[in-house]
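Two complexes are shown next, each including chain A; its partner changes from chain B in the first to chain C in the second.
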Partner chain A sequence: MPELESFPQEVKDQLTSVGSADVVIGFTSFKATDDLSWAAGLAQDGLNVLIAYPGGGDVIEFQPIAGVQFLHYPASTPERYLNAPKNIFGSFQEVLQIAQRLASKSCCVWNSAPQLASADIIESLIKPVLDQNFDLVIPGYTTAKFGALINSGIICPLTRALYGRRIEFPMAVDLGFSPQLLNRLIQVDPNTRVPRSSQWITTEAICAGMQICQTALLMEPPRPPDSSDLSSILAAVLGRIFSDLERNAAFWQRSKGSRSAPAFGEPYTKEQDEVAVDVTHLIETFQLGYRNLSEIWGLALSPATFLELKKLTKSSTAAFRMGDDLWVRIVYEFALAHRQRAMNRDHLLRSMTPLYLSWVASYTLQMLDVSADGFHHRLEQLALAYENQKPYLLSRWRWPDRFNP
Partner chain B sequence: MWQQVSQALDQSVTRVVTRIALLLPGFVALLVALLVSWLAAWAVGFVLRRFLRSLEFDRKVARWGLPELRSETGRSPTDIAVRVVCWAIVIIGFLVGMTAFEATLTSRIVSQMFAYFPNLIAAIFVLLVGAAAARFFSRSVLIGAVNLNVQYAHLLSLGVKWLILVLTGAMALNHLEIGGKIVDEAFAILFGGIVLTLALAVGLGARDLVRRSLERQADRATEDVETLRHF
Partner chain C sequence: MKLPGSAQDPLWFKDAIIYELHVRAFFDSNNDGIGDFQGLTQRLDYLQDLGVTCLWLLPFFPSPLRDDGYDISDYLNVHPDYGTLDDFRAFLDAAHERKMQVMIELVINHTSDQHPWFQRARLAPEGSKEREFYVWSNSNEKYSQARIIFTDTEKSNWTWDPAAKAYYWHRFFSHQPDLNFDNPLVLEEVQKAMNYWLDQGVDALRLDAIPYLIERDGTNCENLPDTHLIVKEIRRAMDENHANRMILAEANQWPNDVRAYFGDGDECHMAFHFPLMPRIFMALRLEDRLPVTDIIAQTPPIPENCQWGIFLRNHDELTLEMVTDDERDYMYLAYSADPRMRVNVGIRRRLAPLMENNRRRIELLNSLLFSFPGTPILYYGDEIGMGDNIYLGDRNGVRTPMQWNADRNAGFSRAIPAKLFNPVIMDPIYGYNAINVEAQDGDPSSLLSWMRNMIALRKIFQVFGRGTIKFLNPANTKILAYLRLWKGEAILCVANLSRFPQPVALCLENFAGAKPIEMMGYVEFPPIGSQPYPLSLGAYEFLWFELHQSKEGEAGTPISEKGAKYA
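Presenting the complex of A and B:
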């Protein structure tokens, strides 16, 4: 059993004095001004709650709440979360260790802004674990047709096609855990030699056969700390997904089709006002990329895909459309190039930005006059394209040297 | 008189033949040394190739971040390593053969060559690292500039590449002790000149262009935040 060696003695002493807790809620960032009075609502149900908050300095004096205890733990997690784009999904190791030490029946890690948390939201993340024996509760954030585009275009459909589970936000950062799952996540993965909690938690849970559900949250998906640097975020996200493909190859190669994860609550789609979106600069970036990055793309893409891109560069802005099959092939071929280390991986992943922007441009043009239903239908089509093209990825994954026109 | 001429000719022929006779064992020794070193190089190359293949050296080199080595040279990293080792053995054999000559001059040349050897190795190392760094950084700049929609991305990348190559060349020449101070001064003038030219170009000629470009970037970023959310 992993011990809390890195924790100061006073934290260990406090954990000993707490003894046990039904629910552990861990924040990965926290300010003294953040309000936690809503926690009283959780304790009303007779639950013994511990709230763990990070910080490098002074311990915050909270107003006492019956049934709720507070624990200050070392601040390594938020620092990593804020500073390194590589860890934009946070590391939950400390919170999970605390929950395990206290033998909690359910644990919730909150990575979004603390002021967004409320009793209802936290309850929706822990109740499925306490009442219905789910192991991982993933939030379904509010969707919008021009929101969370990396998730809509890559993460969600790719997870569905490869791992066979339909999860709206597979890389959500506010999660609920069962004791079984947190015990597993604390362990060090013998292949990567890092704790499983610092890997992609959703695929960890899927591959371990854990019970997963989704719960609707009326809040937008959180942005990474430095969301202006699209290239870094995209490289971090794709790097995480593609590395996972290698690690879980045995699982996803056997997985067929897809099924929905049970969902609680009514998912909410934000209606966006009709706005005139100018995609000219997105297309310009793609065309500039085609002129300058052909050598790099040529190492990853097959000649047929490259030819399609060449045709696309000649399209006018109004007629600019990237087919789903082409986009899916691009994603799969970059995954293959990442696996084969065709070139420096960071360069490879960053060079995908103009291609992603071209997909965004095409998708935006298609979605301009489409309602919320139409937008869900459009994403379903894309997800099916990912599923239909999976045999292509599988074949090239297994026989990389086979001729690919 | 004729007798004296004949005697002088005899003596000179004898001296030349004696010299050649003295050199002959050296030549034979050189040939033998070359032959032996070539055989040794072949044997070592054979063993080394098998050893590196058993270690999956090519895959490991790719994992260390040098996957372009094959596309740059057209040879696999194993081939390159084996060739370097084989040629080093042949060159060492050649130098051993050269020392078989008893002539003082050859011995001096050989000892000077040995003394120069570390400089040569250091220069080659600097060149290799410099070439790899130039490629890496020029590609980083190219990708970064394209992603920021900078129209002159290729020019920027070329500039970075040649800046690093020029710096590397100057360092290698310094290690080889070729050119002395001229290289340092030429490099300082060239490097300073490039920086000054760029500063003048941006400061005087392209000031408005740069400002407009930066403003356009900022406007686009703001528009994006309002309408499209990537995460």
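Presenting the complex of A and C:
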């Protein structure tokens, strides 16, 4: 990862000539055809704006916009970001370093497709920092009953239960930063010896006591880079969350209950046509997993949990239901097995795929006749189950023992 | 520009779990019967899994080894039995890679009589700077008020040197002449040695036997004001060029005398709390908390940037110098039935045999170690309950090879058994067939697994390393109960020192409304009310509680405002 010091001299020269910028907007991928004319809208407020865009090619000649400057910076991030599932959260280090160098009052890192950016959207990510002293602005993307289910079923409720913050999309990748937070993120974490920006930024901010808010964005959550490979995505997401549990044990084990992060804008729930989900296929995948992966699951799951799964394999499709408590227990028991290195961690997490699909199947069957808005209530129940069962995770984390119920 | 240490936090030592080991006894990589740095490096993963964060290495420098390496003949090298300087550096890097700090010994009170400085001194003319590296006298009556420390072997602190035609001063063995810190060149050489190792990346130094650096007529030659000037100068020199390093003082003295070695935070960062250790054993045997609460009450506050080092056992005897005569007699009767268990003024036994291999007693004492104010220091092998060999001389009975498995030589070495530096423990109770790492590693009910869990638990709560302590005084004196408080966080520790179940009612009215959460199982207990809080504890049982607000609240704020008044 290039340090500012290792940026080409012309970039450093340009930064010196720019001197400072009120706002830095950093794209982590960019094409010459991407339109940035909307940036004029930002400069109308009298803000000095610098837009940083990456790439190894030629510098792009933009139409001049008053109050807006452009900077072409070298970055290895976009390639990694787009291609490597383990790096789906990207690295913001280069943009953050530029923002720090220019003493910006707010910084926005844009990881989604550049053509989705607009003045309104960028403004909603930087204004809470400029006007209300928030340190991290996390987008609330549009929600849908059957959309972003890894987030709904695991990431969001798990983050809430463990870290005590109700954040709709804790792993969102388009973010607004305060100078305090970006200064922290560019530092190397003494425990992991990597820059904090390459760790999970939401939990970094929570554990550092930073002020976090959400802002509604009228756009769908970005799709993972390789959406066809569910196992890789699950392994990457869960691996990141579970590794963070070890690093942040002293924090989350003290956190009790949860509270909402302040939210701006009206959250939007997409009216979604009923999708033709092949629930039968999901259930068959689970049943196949039960037959083939029992040995691995046996390393992670307690006897009582395993017994519940065995009963589930015998359910008819119509009656197929995975209770919230069972699902939460599965997630927590995999977190414990990950911590105890019960087996190769990547294999362990990939083996969770059929279990996740069984939860999806159960959820889908429950949601088929529920209104588009009604699923929020359902997910709230799930989140409470995560919170209620947190003591189970805590007790087994603190006193690991194979002799479990 | 100061050379940084491997730790980022200058107060890292407050949160540390220190593990004391001898390179010679840990693991032998070249099968010569003696442990070495390459062997130690191979076993770092074990130590990382155990959870310890700082390794304290006993002396590994060139030495005739007449005092287990505390008789140094070259400060700037590695004893060839243990490897090379490159081996040491590779070990240091590997430890840092695993986020473990490394502490080494700086034995500055004395050298070996084989050190070139001494050989030069005894032949140098009287009054010359070479001669003045050591303390000489034409009479063996000088400093007569100074006690003899190694009473079993030494009859005087002076020994006649025929080459020098004078007596030389030694507070320990006669082959360990004391350096003369009235000679500025001595301090200069000591600082060179110190900087040499700090420049390599060593994180901490244990200053051996520092109360005895300076001698003065008419005194007992311990803890003299000029000694503190020397320590201050060492600290200043360390801070001048190095960041985030630490000095640990070995001063086997009463708490008020040890307090002086912290200075105003400008002498040692840490010091051993010697008097606490025997009183923990005494309280357990008497089934009465008084010895512990009494010595803690006698312990003065220390500067914010300083810390006590606490331990149950170490490489020396269980020292009984800092107890009263009656207490010493009691300890001998209680813990050393066989006279061979005694050496100097103490008891040369490991933790498990002292506890007669009673697992609950071992766990109870470790729970006190992990929850008392200070940084806990574990002695190698005690995490698996290793035994000792009282038939070996001096203190070698507690310095036997680490027991890795049930193979030949306990897996410590592939050498023929006769070549081992010390024989392995072979008795039926503590022998390596019964007690070894491999057997305990895969056993979730083993002492090793218990220790790992306890260390991991302690590391979650900074209050243990940084907080204050407040003893509760329940009527039942078999119960030791105390609060650890730091930054609004409160932990209640309750220990039953008795072999039988005991009831207790704790006055916790300042925490009324708080919900005690038992820390190991995260089990919620009934809320604290205005009446004394009743608990029952089984034999040798201990309980730790987080005191949480009864109302669901903000993340990370476990205790009510009312509780904060103690902090």
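The rule is short, and it goes like this: the second predicted complex is superposed on the first by the 399 of 405 C-alpha atoms of A that agree within 3 Å, B and C clash if a C-alpha of one lies under 4 Å from a C-alpha of the other, contacts with A are read in each partner's own complex, and residues count from 1 in each chain.
Operating definition for what follows: a contact is a pair of C-beta atoms (placed from the backbone, for glycine too) under 8 Å apart; a residue touches a chain by one contact, two chains touch by 3 or more.
All values derive from a computational prediction rather than experimental measurement.
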Fit or clash between chain C and chain B when superposed on chain A: clash
Touching partner for A:I233 - first (chain B), second (chain C), both, neither: first
Partner chain in contact with A:A249 - chain B first, chain C second, else both or neither: second
Partner chain(s) touched by A:I150 [first = chain B, second = chain C, both, neither]: first
Chain B versus chain C as contact partner of A:P190, first or second or both or neither: second
Partner chain(s) touched by A:S395 [first = chain B, second = chain C, both, neither]: second
First, second, both or neither for A:I296, with chain B first and chain C second: first
Most chain A residues touched (candidates chain B, chain C): B
Partner chain in contact with A:K31 - chain B first, chain C second, else both or neither: neither
Touching partner for A:K310 - first (chain B), second (chain C), both, neither: neither
Partner chain(s) touched by A:R165 [first = chain B, second = chain C, both, neither]: second
Region of chain C that runs into chain B when the structures are aligned on their shared chain, from 80-88, 260-268, 386-394 or 404-412: 404-412
Common interface positions of chain A, toward chain B and toward chain C: none
Chain A - residues contacting chain C, complex: 163-165, 190-191, 206, 249-251, 253-259, 391, 394-395, 398-403
Chain A residues touching chain B - in the complex, by the definition given at the top: 144, 146-151, 221, 223-224, 227-228, 230-231, 233-234, 275, 277-278, 281, 284-285, 288-289, 291-293, 296, 299, 341-344, 347, 350-351, 353-354, 360, 364
Chain A-touching residues of chain C, taken from the complex the two chains share: 7-9, 99, 444, 453, 456-457, 459-462, 489, 519-524, 546, 548-549, 552-558
Chain A contact footprint on chain B (complex, rising order): 62-63, 65, 67-68, 71, 136, 139-140, 142-144, 146-147, 149, 151, 153-154, 157, 220-221, 223, 226-231
